[in-house]
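Look at the two complexes coming up: subunit A is in both, with subunit B in one and subunit C in the other.
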Partner chain A sequence: MIRLPHLFPAIARRAAPAWALMALAGSVTAQAAEEPARRMGLNPPASSYGQMFDDLFMMITALISGAFVIVLFMLLVPVIRDRDRKWGDGTGKPSHKASFDHGRSLHDKRFTAVVSIIVFFVLDASVLYVTMKDLREGFWNIPAPDTPDVVKVEVLAQQWAWNFRLPGTDGEFGTADDILTLNDMVVSVNRPVQLNMTAKDVIHSLFLPDMRLKRDVNPGAINEAWFEPITVGTYDILCAELCGFAHYQMHAKVRVLSEADFDAWVQEASILALAAHDESDTEAQWAWDWKE
Partner chain B sequence: MKGTTLLMASAGLLACLAPAMVRAHSEPNSDPNDGAATEEGHGEGASVTPAAGKGDGPHTHAPGQLDDLIISEGAWLIAPGADWFATRAAAGEARFSESETAAEVTEDGQGVDEFESGWIDSEGEYVFRYDEEEDEFAYWQWVDADTLTSGRLLFVQYCASCHGFDGAGYGRSAQHLRPPPRSFQQSTFKFTKVISDYLPSDQALAELVKAGLDGTPMLPWALSDMQLADIIQYFKSLSPEGTGWRDVYSEISDTVEIGADPYASDPAAGVAKGRDVYHRIGCYSCHPGYVSPAAINTIAGKDAGTSYRDDLTYPKATRSSAFDVQGHYVQILPPDFTFHSMRSGRTARDVALTVAAGIGGAGMPQWKQSEPGGAGIPDDEIWAIGHYVRSLVDEYHNQPAKRAAFMAGLRNGD
Partner chain C sequence: MSSDHIHPEPTTFLRKHVFSVDHKVIAKQFMWFGLIWLLIGGIMAMMIRWQLASPGTPFPVLGPLLFPATGGVVDPASYNMLFTMHGTIMIFLGLTPLLIGSFGNWCIPLMIGARDMIFPLLNCLSFWTLMLGGLVGFYSLFVPLGATEAGWTGYPPLSTTVGTQGTGETYWAVAVFLIGASSIMGGINYMATIIRLRAPGMTWGKLPLTVWGLMFTSVLNVLFIPVIGSAMLLLISDRVFGTSFYEPASIMSGGVGGDPILYQHLFWIFGHPEVYILILPAWGYCCDMLSFFSRKPAFGYRVSVGAMGAVTVLSALVYGHHMFTTGMSAMLGESFMLLTMIISVPGEILFFNWLHTIWRGSIRMTTPMLFSLGLIFVFGLGGLTGIYLATIGTDIFLHDTYFVVGHFHLTMAASALFGVFAGTYFWFPKMFGRMMSERLGKIHFWGTIVTLTIVFCTMFVSGYAGMPRRYYDHTSAAYLQDLQWLNKITTHSALLLGAFQLIFAWNFIKSRWWGKLASENPWEVGTLDWSTPTPVPHYNFKQIPTVVTGPHEFSNPVLGEDRDWISQTEELPAGA
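Then we have the complex of A and B:
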């Protein structure tokens, strides 16, 4: 009869090549993950509140991981400490029957209560508090109506594209110099971008992973969102709500320009928009009253 | 027991707290009574439907509908002409052969059979057929009901949201959309790269659908060849009787031929030549001019005093479009290549093909010469324009600062 404690080192020895291979695979994966093109997870945040939400995510991950380790430890300790040390001593049968209770004793009840309270305050309440604080300072902190230098964008989603409308040089929506783009949102760095979004057909969801922003876009409703880009560059816009056969192809770009570039772009795009404007084509004018 | 109760109580507390806190922290200027509804956007003052109530605006027309998904009858669609068969036979496709008795005409009352020579397809897909009404011979293709049904099912899934369930180019997602989606009841196409006197061949249509049109919701569709073939047969069958693919006089052509790129080894020479050709043949009358008026005069050999439109550095919108949306003929702004994205111009070849074939239904004419020395420009000049336009895109598109400096230079008359 092989004794169980003797079995573990044997398995460990035989599996040595496997362990080595796994370690190698791990290190290769870790190296590959460092390359920007293959990096797993999100790119570095490109919006003002991006780091805050990354920190929140890390905090939740750390707390949950801590709780997981503690629970695992509490599970493993009795498994090892109270194992049947005489098992297999010639009879081939367990030496005694396992015993358990239902936790009816006062000690158990007190223990459960204390653990519950600690878990609630350490995990739930703190996560809830920080989440609410971050949402208030980030996601819901939509620029007040009189904030200067806000880039306002009306977003009209459809199967399977994003229509964007900027107010042009006059700052008013629904005028001839409104800049219309498709799948190409142009904004300025270091200026808050405020979005008014609706959809023509089905529910879509505007997802800017680099800005850490995601919000549903519903037909018949105007949903608001905002972000403030802090890095010049071109970033992805995705649809995060299954919206039909080509949902996976419904992507666009947000181009974050420097402030000077953006101003020049708006000037030029407004003039071109005036040239393209057709007053008699009423259906092409889909701007709505801006919702602050 | 107490532990469980406590756990449940804390869970309940959480459930009550969470929505209340979300509400408390939503933006301060929202109506406090609106609560969760603010998130859904039923805001005060904002019109919920885009541009609702703006006269003859959107949503006044209902998108087209379909009665039935199943098609019970096949359709005769016009097929390519004798040249197409001859080309394929010459390429070694044994299924096509020439016959003295390809089509049979029975003259009424006299019992005399006449035969017309033409091509025969041993697989029976294409038929050389006599149209008694029009007294014309033509090659036709019989598309069976199963193919059409399969095409319609795929069309409904992939195409109908924009092109409409009835294929009339006005689906739910086509509202407000400019340029408007193609109506398959019109048989006019912009970017098939087929000279606009002809209907595009299946091959040309398939290439367009696979490549998509940049800057529009016409995506590069990831369809299998079989799916694509069924969809194409289906939307061809949407031509009304006597038009498009149901017209005995329609002729079908493949993508326009412009030969090999003469500037493949020296693109810079193509760019330089293209710059001259672009400003010699007057592309600047609709698209922007990218050199000064004085330079145009030099290039085109005009009098030094010749003047051009004031807004020469901007494109000029024209209402020469054949495409209407519910009766309104839409205006099209020709692209400024340094600013707008081209629909179908990813390579110099794409641009050259579009220039050669023209844009059906729009102001862009065919530049390919029908015969050497005819109207239009020779192929090497078409290629040169392709290289020049691509160079404008590569250099200035998405480079706002560089482009602004370039255009400012032109506008200041440097």
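Then we have the complex of A and C:
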């Protein structure tokens, strides 16, 4: 049998972990250098509540980094300081004796309790408080039914496309001037966009990374969501719930127009929709009564 | 009391090595079974990562054999099959048999001083039901109309005939059901054994923490596996008999019918406890081993048991955090968020106790100790990043991205796997009578922890940048193209991580047959399993031992200068 020790000189053997690390670092660097376009984090938020996510993420990052540093410290100090340096040398004597402590004194129990309470309030309760406040202002703050200027969109997801329906100039869904688009959601900047979503076949999930929005789109039920774009531009829509083998290709765009452009677009698209309306095209008659 | 039921020593090969009722043989069967599936699931992970880093290029060597139609390239349907089966295999056929089936069977009777499990035949049935489940799962890959491809979570309607035509999905559900039945049998057996067969004097407060971890895991298995079993039965019914438990009517035609969200509730009522089913035994081994190799008592024994118990109670009450984006009401979401935050407290207490156990110890840096220390590191990374996902405000964005993949791999996969490795290196000398190579073990440890940290921490970065999981090709979307460099780093580290596991495989095989012969108690610990001769005789204990001392009396000053440990059967010397 071939044994590793005979193949390499002793120094090379001892350094085996170091060799492996160097090989790894080399391959990672070489690979990373090949790729020209690189992004590290997120694009800036494009919705009114997007900044809340970014801030909360950074807050949690700061808190858990602190916690992790403490854990690492408590882990590395004994590993370096309290190591039995004589273990395995054949004498059977340790370099030092371990302290004897079951950690079951009243003092230890109090210490455990105090640390737990501190951890809960610093790490958990603080985050809980901030996110509840954020959610009430942001994600769960769906515009009230009588809010003016709300852009209402019905979303019908299917394998593997996004259908969008805007009510057109009459403001009613299920009429002849409804604007239907495929994989292209058109909305206005600075106006809340309210979504009513369902799916034709399996579960999908509407994911707008730049808006910091994700909501599942379930067949047989209507899910609501909202966002308010704050910058004009074109942003990506991805499907985030596995929906079959072309799941990865289920992309769409959301086009955020200026308010004037959006109004003009609705006017024009409604007229075109009215002209192209075909009652016999049952595939296109999928609207439902708006759910507030 | 516990000497009456023991079965006679088998004489035929079949009764001795195949349909054995001896817990030691069954433990080894579970171990080989789990390791083989770990290898298969690991190769699947390599294929997934290969496809993600270099989409459309053939997977070397195995690719042309497995996917001849595409010349070795993983096609989208096969890709979905791969990550579905990777998850199913790793959880149900890799980690569960190793952590619970193998070490549970090995440790429980030996550590509590029993001659076997209380129901030896049920134990045998549990293994062979698992084998049947594994075979059905494997068969599901080769059936007409294709294998399963709905993810290991198998959400309907994608997993019903609406989304997946292939009968592989039905066989997958049958396999999960059978594997679940096997776990329930094991769980009942473990609980009854721990309750009924403890040696005289082995009070609840003298049990090694390993046994406590296995006890809580068994409770969860028995309580929550039936839930996934029922979910699978309804799914099979939908697929085979045309019912519509999970298939709704479309909203345009009135929207009545079944409810796909019902499945998600059933799945996660089981699914969240499942992650604790996998981690609790690993925590138990870690608690014990940190004490064994620091030559110090486990810090806060009762508090650790209480913390594991609290996790067991809370485990099913937090499951809703998997479903924040489904359209769950705000109040329900907030309740699940609060409960999830609360479960971090017992987790933190365990960290507190682990870190205090090693503090001012006299640490023997053996391979099992390295993996136990590594568990603290990887579980720290995984546990702390859980806060992002428990928080609805951040989870809305991070759900179903690579952030989640990184998080759950570090907690339930890497930590559980570190428990498996620590356990294997630790109990190997007693199981097989030979030592595993320490040098190879240390190379394996360092290689694993470095590459694994790079793999999953890179996933945090790409997940935060918005990369969705379960995508066949991230270069398909403009939004994701500039994140491809992160995919490459992950894949390169993952391939190296896979390569380092070959060192473990080699070490395992080499040591099994050619390793250095082990002494009876190479680690110098006092639990009952190490008081038996090596190899362990058929009856384990000639005389059922009487337990008088706790499992962690290391470095007790009354033991004197020459010795720092005492067997659980020995009385502590007076004079302290």
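What we mean here is this: the second predicted complex is superposed on the first by the 226 of 292 C-alpha atoms of A that agree within 3 Å, B and C clash if a C-alpha of one lies under 4 Å from a C-alpha of the other, contacts with A are read in each partner's own complex, and residues count from 1 in each chain.
In the analysis below, contacts are C-beta pairs under 8 Å (C-beta built on N, C-alpha and C of every residue); 3 or more make two chains touch, one makes a residue touch a chain.
Bear in mind the structure is a predicted one, so any value in this text is a computation, not a measurement.
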Exercise for the section: Report for A:Asp281: first if it touches subunit B alone, second if subunit C alone, otherwise both or neither. Expected result: first
Practice task
Based on the superposed arrangement, let me know which partner A:Pro148 touches: subunit B (first), subunit C (second), both, or neither?
Solution key: neither
Completion exercise
Across subunit A, the partner (subunit B or subunit C) reaching more residues is C
Practice task
With the two complexes superposed on chain A, say which partner A:Gly220 touches: subunit B (first), subunit C (second), both, or neither.
Solution key: both
Exercise for the section: Kindly classify A:Leu42 by the partners it touches after superposition: subunit B alone (first), subunit C alone (second), both, or neither? Expected result: second
Problem - Contacts of A:Leu128 with subunit B and subunit C, given as first, second, both or neither - result: both
Handout entry: Doubly contacted residues of subunit A, that is, touched by subunit B and again by subunit C
Key = 103, 108-109, 112, 115-116, 120, 124, 128, 132, 135, 140, 159, 198, 200-201, 218, 220-224, 244-246, 249, 286-288
Practice task
Please give the residue numbers of subunit A that touch subunit C in the complex, ascending.
Solution key: 1, 4, 13, 16-17, 20-21, 23-24, 27-28, 31-32, 34-35, 37-42, 52-53, 56-57, 60, 63-64, 67-68, 71-72, 74-75, 77-79, 82-84, 87-88, 94-104, 108-109, 112, 115-116, 119-120, 123-125, 127-128, 130-132, 134-135, 138-140, 159, 198, 200-203, 205, 207, 209, 212-216, 218-224, 236, 238-249, 251, 286-288
Problem - Contact footprint of subunit B on subunit A as seen in their complex - result: 103, 108-109, 111-113, 115-117, 120, 124, 128, 132, 135-136, 140-142, 144-145, 156, 158-161, 163, 174, 180, 182-184, 196, 198, 200-201, 218, 220-224, 244-246, 249, 255, 257-258, 260-262, 264-265, 268-269, 271-272, 275-276, 278, 280-292
Exercise for the section: Under the touch definition given earlier, write down the residues of subunit C that touch subunit A in their complex. Expected result: 76-77, 79-80, 149-151, 155-158, 162-163, 248-252, 255-261, 294-303, 325-327, 330, 334, 337-338, 341-342, 344-345, 348-349, 351-353, 355-365, 373, 376-377, 380-381, 384-385, 387-388, 391-394, 396-397, 399-401, 439-440, 442-443, 446-447, 450-451, 454, 461, 464-466, 468, 470-474, 476-479, 481-485, 488-489, 492-493, 496, 500, 510, 514, 552, 554-557, 564
Handout entry: Sites on subunit B touched by subunit A in the complex
Key = 1-4, 6-7, 10, 14, 17-18, 21-22, 25-27, 29, 39-43, 45-52, 54-58, 157-158, 161-162, 172-173, 175-178, 215-217, 219-222, 311, 314-317, 319, 325-326, 328, 330-331, 333, 336, 339-341, 398, 400-401, 403-404, 407
